[in-house]
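Structure in structure tokens, see below.
Read from first to last, the chains carry the letters A, B, C, D and E; within each, the first residue is number 1.
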Amino acid sequence: MKDISSAIQLIPLENYVFLSVALFSIGMMGVLFRRNTIAILMCLELMFNSVNLLLTAFSAYHSDPAGQVFVFFIMIVAAAEVAVGLSIIVMMKRNVDSVDINLLNRLKW
Amino acid sequence: MSALILLTVFGIIVLYLGFANNKTILAPVAITGLLITIFLSIKDWNLGSKYFHDMMIIDNFSIAFNVSMVIITILIFLFGVNYYKRMEHYVAEQYALMIFALTGAFLMTSFSNLIMLFLGIEILSIPLYILAGGKKTSFRSNEASFKYFLLGSFATAFFLFGIALVYGASATFYLPEIKTYIAQFNGQLPPMLMVGLLFILIGVSFKVAVAPFHFWSPDVYEGSPTLVTAFMATVVKTAGFAAFYRLLGMGLLPLPAPLEKTLWVMTMLSLLVGNLAALRQTNFKRLLAYSAIVNTGFMMLAMLSQHDSSASVLLYYTFVYSLATVPLFIIFIYMKRASSGLEELTIFRGLYKQKPWMAVFMTIFLMSLAGLPPTAGFLAKYRVFVLSISRGYLAISIFAIVMAIIGVYYYFYVLREAFSESDNPNPIEISRLNSALIVVCGVAVLLLGLFVWSVPI
Amino acid sequence: MILLIILLLPIVTGLFLLLLKNPATARIIALCSSIANLLITLGLISTVPSPSYSVNWNHFMGTQFSLGFDGISLIMLLLTNLLFPFIILSGFTRAHIKIPVLNFLILFTQSALIGVFLAQNAFLFYIFWELTLIPVYFILLLWGGENRKAITLKFFIYTLSGSLFLLFGIIYLFTLTPGMHTTDFSAFNQLHIPAATQTWLFWVLFVAFAIKMPVFPFHTWQPSTYTMASKQGVMILAGVLTKMGIYGALRFLFPIVPQGVLYWQNTVITLCLIGVIYASVIAFRQTNIKRLIAFSSMAHISLMAAAMFILNYYSIQGLLFQVISHGVTIVALFYVVHLIQERTGTLELPQMGGLKHVAPNLAILLLIIVLGSIALPLTAGFVGEFLIIAGLAKFSIWFAFLGGTTMILGAIYMLYAYQRIMLGDNNPTLIRVKDIRTLDFFILIPLITLILILGIYPQPIFNLVEESVKTMQNLLPVNEVVTLLTR
Amino acid sequence: MVALISSIAWLVPAFPLLGFLITGLAKNRLKNNQAGIIASTLVSFSFITALFLFFSLRSSGQDSVTVTLFNWISAGDLNIPFAFLIDHLSITMMLIVTGVGALIHIYSIGYMHDDERVSSFFAQMNLFTFSMLLLVMGANYLILFIGWEGVGFCSYLLIGFWFKNPAFNYAARKAFVMNRIGDLGFILGIILVFFTFKSVSFTEIFSQAGALQAGAPMITLITILLLVGAVGKSAQIPLYTWLPDAMAGPTPVSALIHAATMVTAGIYMIARSSILYNLAPITLNIMIGLGLATAIFAAVIGLRQNDIKKVLAYSTVSQLGYMFLALGLGAYSSAVFHLTTHAFFKALLFLGAGSIIHAMGGEQDIRKMGGLRKKMPITYLTFLAATLAISGIPPFSGFFSKDLILTKAFENNPLLYILALGGALITCFYMFRLLYLVFFGSQRLSSAHPHESPRVMTIPLIILSVLSVFGGFLNIPELFGGKSDLGEFLHSAITSKVTEELSSSTEIGLIISSLALLGLIILMAYRTYVKRAVLPAADSESLSLFGKVVANKFYIDEVYTLLLEKPFGFLSDFFFNTIEKAVLDPAVDGIGTATSRLGNLVRKLQAGNMSFYLFAMVGGILLFIIFILIV
Amino acid sequence: MVFLFYMLSAIMIICALLVVFSKNPINNVIYLILCFLAMAGHYILLNAQFLAVVHVIVYTGAIMVLFLFVIMLLNLNKAIILRKSTVTRVSAVITGGIFFLVLLAATRQTFEIHAKYPFASDFGLVSGIGKVLFNEFLLPFEMSSILFISAMVGAMMFGKKDV
């Protein structure tokens, strides 16, 4: 098992951090970019997963399982959120027959 | 702990009672559960118990906040008896979801680990996303729900990113350990840690709707069913501030200077933006949303003053604020019904003519929000200012005072409407229970304004 | 205990009134209550030692529910309790709707005012201070005249904004008190605040009072509010509420920030004197009587404010005397104005004239009140203004001269108004106007008698405040301004 | 005796006060003459009491008695008792006030007979008498001031007695306001007196004043301020314009207030303060200038007046100027003497004029009168006596008093004498012009049916004419073998300046030359108005420039309107419309509206657009990150 | 190993970008699944085997299927052109870029972080995680049930068609 550990050490932590940051930014950009609510939801998932990756990487470097447990919880919550989010979208679709986020502008001023 | 367990159990019981097709028993059962919860919570007073490897620390602080939130929830449930009479479906679900949200709030008051904070926020939020969309056929309700959901999740993502960064630096989620970790830097934090902390703070700030992360709140308040709005404006805000305070008190204080400045900026922005936007507001629910933002600013002021009694003041402020806001929403519901669904401020016209006592109590509540004596709202603001001034934040206090003046304008604008003649008077019908509750709230606001006791938390 | 009774009697009666259906009974009970309060107050004067009442209240915040009084409070208390029976009585004429509510609000105001004057604790003071605003706001809003919604809101916000700065000041002082913080006046009075702090703290504290009085240029809420206000509303506003500003300033500024006062003394006095002349000059061309009297009241109050900041023995004596005198006079004046409005249906001077032909008695009574207002000797107004001008002269002869112009300017606009209302040829529109009735006699004769008696025998008032004035006048450090006399 | 004086002194003002209360309160119940009778009786009682006091004081051998009724104001070291000072000066004034007052009251019964508000008239007259008595009896400046303002107020009431006429009301207000301008100076003076002497009581001040150095700035200031008060009340330049306008009141009012008593209050006050004035030579010089200027100026205006009362009014102003001149010369008792004689003959003139107006049915224009000598013999004779007196023809009273002043002027500076004499000659001319125009020639107004006035009016005329004729004998100078009785009498109360006495020969020379000139003037007037029967120009006729200027009273009223009233109105409008409405109000409201506008802007940010919300959130986060990274 | 890392990273980034920029929702889902699979590879690289498995099951297996299901249900499978205005899209990209740079700047000092515990190889395995999860993290684990119950209630409420 030693080689695995050394293998992990081969890749610097920064790489994971950068990767996560990039993923997070892309996700965030997607949220801003997309108009389709379902796609926005997917981008949100991207953001969550970048966090997961980051936590796992830190966890591995710290040799601390807590980080990975946290990832587990994030997954749980993400699943629940997606369920709720999708059901809201379904409901919206039923009411206005669209998943366009720009339609959400009746509540204002 | 037993209180928390009992609460979840009652939530599930209420959910299952929904099958009984008998709406009338729901509220009594739920309220009984909440009352027992209060009892069980108070039993733990001064014990300072810790659970599950310090995942949860139930101290006086959390008990006090829990009890205050449960009391407000009871109030909302009592009002709900009448409110849900017209609703045919999902009444049990509404009650249950509120109770679930309350369990989330409980977690937020007693966490000592970031994971519990995260879970607490989510357990609080997800029921709220659902509750906000409670009027399924109303697109406004859908919109509120989705906006809340999307912005909430978005904020959660940042929050989690922040936790990840902090974890990366400190290798722990446990607040006291984070505190010691931060302490070793002596104020000069590495940027990653700083950004992580910032993201965590932003995540919580979003929940309590601090500017510039407040944009969701007016829309969501407006679109949600009014009772849910009341719940959001009161219990959720209380929970958010309990969590905020705990986060700061257990983990992050003394804040590094840049972060502290950031929070001050947020505070002042909240006061300013909330007030300005409320000035010309014509929709009552939005008005109260902006008012909530302003009051958030005041609570931030109390919190950031970092005084020994900040927690006590925060508790008092949130409770008093809730006590005035809930009945205002209820009065609003009745006025809305009397004016066939309008939400404008003008619907209050003729209130004094028809129901003078209700107008009087409305005056008391609005005065409390505006912070005029002899109501509790005044004392709350007074105590906040005592904190901030005694810590020497004179300029900010003056700013807050100017903002308080602006606030009076729109509260009294509403009041003025209530005391003017109506062109189209529809009968205002109000149930006896709700009248009694409004009176109780009004008297409580007055009494709390005259006699306060300091809770040692 | 007796103080508690004085404080609570009006409000408790007021609450009781709300239960009544019959307006006639309600106002009689209200009247009785206010008269009873007056009698108790009169009894208070002779009570030795002066009673006080104190009980622990929100102790952890350093607030005591403590009531007490000195000569200055007593004067204010006397004025309040003296005027309220008349204010209530003046409501006996026309059948308003919701008389119990109106009387409740009036009595509520009375209680709050009494609270302001009795409070020995700044926090308590502030609560009552704000509390006066609430019922007055509703009196103005519900019974006011044209454009009342906007004007009342302006009035409310304007006065409140000052008050909130006062609140800031109180809290700041609270945090300065040593040991266990407290808001007791006695503790505030012993603070030694650095002079630099005092210079800004002065304004924080003063703004509230300046707006309430009002002092130029903080007065813009006043004319429109007075003009719009209902009879009782304006009587309360002009008669008593303005005095709160004076009382507050006496309580807060001189004992607590004496160096601040000294630093700003000349500025403030100049502002006040500008106010005197400014308001008097403006009053001359007003066509609306109420607005005219509003400006006249502002002129008088400004003079009183100037006297206050002189803070020597004469000016304070004169000020306190003038508090009573101005209160009585202005209430009588506004009452008569409303009588005229009720009789003729207008407040505009150009539409009046010749009222004396049909209402000679009213004309005479108004004339006497006008004389009181322009400080003719042997009316109360003269004694006060004489002492005030004397006080000003002791400080600077120029200030005395500027302040004294009120004698001339007051005569100009008051007599002008009197002429436009009463004198002139028969006015055909007024033929059906009736002279004054019994009720008006009951209100005006005692007030006028007071104006005259106080002018002829003012001594009781002086004796009442003697002690307090002596302590007051020593509050300021030695004045460095070289007066004409010392040169 | 002193105890007696103390115990009854208060009765003197109390009678008129009682009269005021009775006639005032019961005014609707009193029938035609009752009010007048009550009022006259009470004033007469007052006169009798005053007489009694006079004799008591003489026999008591004391110079003065202070009667304290109660403490009026007692605040700290400011102690003002409500007290009367009965001394020779005040007793003289009391006698004049009550005596002349009583006569005028009686006269008024006839004069005001037809007026519907006759009760009010007598009430106000009584109130005036009361105030005037307070003025002269007050033992300190403040009590004097009470009376001072009180008479001003009564004057206001009585000028505007016929309140239907807006012009009369305006005149009343003008009188009051101008008086008030003076009063401000007076009250400031009193206050400074108090701060200097720690008292306002005459006796205490004068006992302390001796210790002061003459010409001290404080004393000068005080005396000037007091002088301002006197100038207002006694209608001197520049505050004289109210007096001619004050003729709007009923004629007895003019006689009592604007001739005999109130307007002389200023002279009384300065005479009273003689000790202070003696210490202030600058002020005395100012007074000489003012007095002389007023005397001549008003006399010149009087030349061209056609309203009988206006002529008399300007003559009053002019005579008051002489009194000021006397005061300025330090001849205080001479001033008081002239005051006394003036009270007699001017009251007589006014009452005579009243009688004429009464007879002419309200007509006051002398161009429309004429030939009344036959129809109204008593009036004519009394009027003649008064005219001779005012012109200074011996042995009429005016001769003695005026001559005294002229002599004093000569002692000071011959130029003063010449100017003063010139004024006297002008006085003589316009008085005779008046006399000739009214009583000689033919009746010019056909509609009027003049008749002699009833006895209730003529008897006071006769009494007054007796006083006018013989009043001068009160104070016969040593030159004519007299002992200057009045001067001696007043000596205890007034400290006149000691000046070098003229030799008798100079004095006699002066008198003879002035008499010659007077005779010339009377002749001139006779030739013009009786022989040639020249009528003053009608209002429409064009006059020479100077004549026009004089006829229009040098346009002083217009100038005042232009310089004071109009700008005051403009200032008022400016303050209200510009400063209040355009600066202060908008400034306050502007804060409100600006905030509100800004609020609307902020509100519009909340456009309901999700993208915007998301962007805003990200933007906020970005800014905060950058902020904490930089800081 | 290093090559593997870079390859997986490249796949992730490209797929993520495609998720953002491709128009068809179905394609989005597919790319996201690809992205997640690559992420599972990363988990394995990091020796977090438990997570890798859970990730594949939960995300790829459940969540993404849910997405697909909803897209089908709502009949969105055809490419509907829902695009924000160009300005918005450009600013979104710019914002994303700036955000990336700023975060990079903030995290550039990661290398200064030191491992908290000596390296252990077994904690990422199911047994290791399980021990921690049911010991230290028992309470959150239990509480998450409430989360699910709420979500279920919500999904049921919203999804059900009312009569």
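Quick notes
We adopt the following convention: a residue touches a chain if its C-beta (ideal position, glycine included) is under 8 Å from a C-beta of that chain, and two chains touch if they have at least 3 such contacts.
Just so you know, these numbers come straight off a predicted model, no measurement behind them.
Counted as hops between touching chains, the shortest connection from subunit B to subunit D is 1. Listed by label, the chains touching subunit A and subunit E alike are B, D.
Of all chains, D has its CA centroid at the greatest distance from the CA centroid of subunit A.
Using CA-based centroids throughout, the chain positioned farthest away from subunit B is D. With centres taken as mean C-alpha coordinates, the chain found closest to the middle of all protein C-alpha atoms is C. By C-beta pair count, the most extensively touching chains are A-E. A straight line joining the Cα centres of subunit B and subunit C is 43 Å long.
In whole angstrom, the spacing between the mean C-alpha positions of subunit A and subunit C is 67. Distance between subunit D and subunit E, defined via averaged C-alpha coordinates, is recorded as 103 Å. Centroids built from CA atoms put subunit B at 28 Å from subunit A. In subunit E, the residues touching two or more other chains are 84, 88, 91-92, 95, 99, 103, 105-108, 110, 113, 115-117, 136-137, 140, 144, 147, 150-151, 154, 157-158.
Among the residues of subunit B, those in touch with two or more other chains are 115, 119, 122, 126, 129-130, 133, 136-137, 147, 150, 154, 165, 168, 171-172, 191, 194-195, 218-219, 281, 409.
Touching two or more other chains at once are residues 17, 24, 27-28, 31-32, 57, 59, 62, 64, 66, 69, 73, 77, 80-81, 84, 88-89, 91, 101-102, 104, 106-109 of subunit A.
Applying the touch definition to all chain combinations yields A-B, A-D, A-E, B-C, B-D, B-E, C-D, D-E. Residues 8, 11-12, 15, 51-53, 55-56, 89-90, 93, 96-97, 100-101, 103-104, 107, 115-116, 119, 122-123, 126-127, 129-130, 133, 136-137, 165, 168-169, 171-172, 190-192, 194-195 of subunit B are the ones that touch subunit E when the two sit in their complex. Contact residues on subunit A toward subunit E in their complex (touch as defined above): 1-2, 4-5, 7-8, 10-19, 21-30, 32-36, 38-39, 41-43, 45-46, 49, 52-53, 56-57, 59-66, 68-69, 71-73, 75-84, 86-91, 93-94, 99-100, 102. Against subunit A, the residues of subunit E that register as touching in their complex are 1-2, 5, 9, 12-13, 16-17, 19-21, 25, 28-29, 32, 35-36, 39, 42-43, 45-48, 50-51, 54-55, 58-59, 62-63, 66-67, 70-71, 73-74, 76, 80, 82-84, 88-89, 91-93, 95-97, 99-100, 103-104, 107-108, 110-111, 113, 115-124, 128-129, 132-133, 136-137, 140-141, 144, 147-148, 150-152, 154-155, 157-159, 161. Touching subunit D in their complex are the following residues of subunit E: 84, 88, 91-92, 95, 98-99, 102-103, 105-106. The part of subunit B that touches subunit A in the complex is made up of residues 115, 118-119, 122, 126, 129-130, 133, 136-140, 142-147, 149-150, 153-154, 156-157, 160-161, 163-165, 167-168, 171-173, 218-220, 222-223, 281, 283, 286.
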